[in-house]
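Presented sequentially are two complexes of subunit A, the first with subunit B as partner and the second with subunit C.
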Partner chain A sequence: MNIPEILFYSFTFILVGSAFGVVFHRNPVKSAMFLVLFFVGLAAMYALIGAEFMATLQVLVYVGAIMVLFLFVIMLISVREEALLNMGGNAGRTVIIAVLVLAFSLQFWVLLGGFMKSQGEHVVNGAAPYSTEVMNYTTGEKLLIKGNAEVISYTLFEKYLLPFELISLVLLVAVLGGILLTKHKRETLQ
Partner chain B sequence: MENIFKFQDLILSAPQMILISGALLILLLQVVLPGFRRVLAFYIALISLFASLYVVTYGIPGTAFYGLLSGNPEGGTVFQGNLRLNSYIQHYSFLILLAVTIMLFFIKRVFSEQKLELAEVYQFLLYIGAGSIFTVSANDLMTMFIGLELSSLPFFILAAWDRGRATATEAAVKYYFLSTIGIAFMLLGIALVYGGSGSTRLSEVLPVVFAEDSFSYKLLAAGWFLIIGGFLFKIAVVPFHGWVADVYDGAPSVITAAMASIVKISAVGAVFRILQFMQPDMHMILNTGIIVFAVASMVYGNMATLNQNYLKRVFAYSSIAHAGYIITMFMFFPESFKAISLRTEASSALYFYILAYALTSILAFATIAYLENGEERGLTFDHLKGLSKKNPFAAFLLSVSALSFAGIPPLAGFFGKLFLLKVLISAGYYYLAVVMIVTSLVGVYFYIRIVFYAYWDFEDENARSGTLPPFRGIFAWSAAIVTAVLVLGIGFYSESIFNFARVASELIQ
Partner chain C sequence: MEIEIIRIIFLTVVLFSIGILGVLTRRNIIVMIMSVEIMLNSVNLLFIAFSRYFQDLNGEVMVLFVMAIAAAEAAVGLAIVIALHRNYHSIDTMDIKALKE
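Moving on to the complex of A and B:
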């Protein structure tokens, strides 16, 4: 085990642990704090694969802006501690959980197969692989350029220009819907 | 540089751009224009839809954008390869625009009657149309995903439009959460496909050659199956059907009509197009799943309908059965079917079926929407008793849609089923054809029950057809008559529509 690998596994541990903390903690403020920890851990992961720009953005946007908003909302609506819901109460919930578990194990199986097989071979065509080789990129040079702001901006404004612009429409629809559904006095509705 | 944005891209994606400009114009005028009236929003939406329909049908002279009638021999890509342009996509765009236009009239009438009309409704309808066309025409998985979001987000809002009703809010919340989960799986699938092939461009995914048991191949397979699963959720096939009954029942009935038609058209058009970018040997695994899902949907959808008393639930469950019929056409992608051109047959059979199904759904749910008079729950069979005397036009419309769903000749639904059966039998899937016929026969029972209740001369103290509002309004009549004539009439032109769609599907890419 080299150092990036040790770092990877320790951050994985933090990520999974804090994700559980978000879901299972009774106090919403503490849940939000676990979410902050999760985002920071994710930023560290980005840094590990050499995407330092993504890591910076992750900290700035999620930890800096979105989590503050979360905490404001929690403060404004003064949520109290909640008891855990009775899981698996009805059939629909059970099906959803079963599908989630199934999908997770499928993914896990695929990834595990990859770890077993691709210790040496590396046949991914240009994409960042999920294999152990990811860790080598911190020492190697191959994917270092992928993390640069330059590459991201070229991708965003050339190759993916259309989806990028369309997202603004999706957000516009979401904003309009939020206003319309929560506004107290509309012109015609009850 | 080929990657730079060109003005020509906007022209080549004219149908979507017209709709989006119309929607933004409505938004802008609401703020800027002092005496803004809702009817202005309606006419802006109508004009943009008609302009878009015209462009799709006749094309833009002098550009590479060929219309439906002139054909598009070469096809091409727009927006740096984000969108695809060909005849198959024009066909589905036309269908989406037709459904949105019909729904515009229905929604205008019903929402102004129920005092639910706001200018934003028309704006949302335009977004739905544009998003659906983006979904069908996407050449990139990210564009497809965002198009799907753009077309489904307005539906979550419109489902909760009648805020006063608890069932509407419940329907919206259910639809929103379950859709989000389904979409999240699809997004994970897109990420895995990207991880496996190194590209999200559909045309760049297929040529990548893998060793059969390599890591990337497994990633790609898992990714594709998750993407297809997300689409099957939108089409509402049996393992992913849990939301259908409650959402279709709870949402306002006109919105249900739009949901049942537009969402399915775009999902089916997109999934049939992206299936050909899967590696051929993955299709063998997928086909097994599709057979299981299709049989389960046919059986469940038809059986669950039998003890329903609410009309909207009847049609909701029958839509699950129809989804089962639809997905049987997704099985013709292994190499062996390409040689005997069964794939193009399947494509045009699917096109005709989805055309017939969408029109019939619109007719059924929109008629129910007219007949509802703001009661807490929808129509039951008691409301239908003696309907032909109190409200002959509504009884006629309901009967036409029920018989078309049942597959009685010469209505549209019959020819849809006929083409599906023809393709299935010539491919050798005899048992699937038998299951389809038998479950359809079960289904005929409750469809005929609707006609029977509406036309039988009941002297029953339970009969409540007198409490229903009369069918009136110029928009109501015109839209209903157009849809009914289409459902009655396209059967007579089924052969030419089938051949017309086949010409398109030979060029599908």
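Moving on to the complex of A and C:
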């Protein structure tokens, strides 16, 4: 067993354990702490399979921004510990969950069987960098760029420029919606 | 630095299933939104794994967009949670039944 495999299994253990912690802990604050651990573990997994830029963004966006939002809302709302739902108490729901899990795993098994029968071994190489050819518009010459952040920025701002701008519009609408939903009703509105 | 992709696929399926389990079984709306975040992140991991596997960057750019949409979803969802708490003084899904009665 080599070192990447050991790292992979330890990150897998952290991810699955913290996901179960989020779902099954009775206190929402502790659930949020487990979610922080989940995001950090996921960032480590991204770095392991060679997406360092995405690992950085994961920590910045999720741990830095979204978790702060969650913890602020938990702070504003008086949360109390809840009893976990009794799984055996509701027979219909248990049957639905069991059937869904069975159908999902069956479909997954069939799909993976087809994938594994195809040729070769399927590995993710964490060390191979991306590379792409870039046109310099002022001089007209072509040059090859390598590295994660460089190639991502090139792809984002050349090929996906319109979706990038539209995403900013989506975020603006989300901000306006958040303000509108949480605003108190004011009688002195002119 | 080589990891078989089949293991990453199994890991993402397990994480996605845990997220579905959280959405289906919990009654606290904040924890339900957290479970949705777990599901989104497991899909992100699958995107990045296949992006690395095919040496094709489009998957990672898609992950950027998923992150932005997830941030918007969290903002709006938590605003709805605050509005619900203001009107019902509870964030338990069993207490929110204004349309049922």
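Keep this in mind: the second predicted complex is superposed on the first by the 111 of 190 C-alpha atoms of A that agree within 3 Å, B and C clash if a C-alpha of one lies under 4 Å from a C-alpha of the other, contacts with A are read in each partner's own complex, and residues count from 1 in each chain.
As a working rule, a residue touches a chain if its C-beta (ideal position, glycine included) is under 8 Å from a C-beta of that chain, and two chains touch if they have at least 3 such contacts.
Model, not experiment: these values are computed from the prediction.
In the superposition on chain A, A:101 makes contact with subunit C only, while subunit B stays out of contact range.
Put simply, more of the residues of subunit A are touched by C, taking subunit B and subunit C as the two choices.
Legend: residue contacts after superposition of the two complexes on their common chain; A:16 is shown touching subunit C, with no touch to subunit B. In the superposition on chain A, A:163 contacts both subunit B and subunit C. By the touch criterion defined above, A:181 lies against subunit B and subunit C together after alignment on the C-alpha atoms of chain A.
Overlap of the subunit B and subunit C contact sets on subunit A: residues 121, 123-128, 130, 159-160, 163, 167, 170, 173-174, 177, 181. On subunit A, the positions that touch subunit C within their shared complex are 4-5, 8, 12, 15-16, 19-20, 22-23, 28, 31-32, 35, 38-39, 42, 45-46, 48-51, 53-54, 57-58, 61-62, 65-66, 69-70, 73-74, 76-77, 79, 82, 84-85, 87, 93, 97, 100-101, 104, 108, 112, 115-116, 121-128, 130, 132, 151-152, 155-156, 159-160, 163, 167, 170-171, 173-175, 177-179, 181-182. Interface residues of subunit A facing subunit B in the complex, by the touch rule stated above, are 92, 95-96, 99, 103, 106-107, 110, 113-114, 117-118, 121, 123-131, 158-163, 166-167, 169-170, 172-174, 176-177, 180-181, 186-190. Within the complex formed with subunit A, the residues of subunit C that make contact are 1-9, 11, 13-15, 17-22, 24-28, 30-31, 33-35, 37-38, 41, 44-45, 48-49, 51-53, 55, 57-58, 60-61, 63-65, 67-76, 78-83, 85, 91-92. Interface residues of subunit B facing subunit A in the complex, by the touch rule stated above, are 3-5, 20, 27, 79-83, 115-118, 120, 123-124, 127, 130, 134, 140, 142-143, 145-147, 149-150, 153-154, 156-157, 160, 162-164, 181, 185, 188, 192, 194-199, 208, 210-211, 213-216, 218-219, 221-222, 226, 239, 242.
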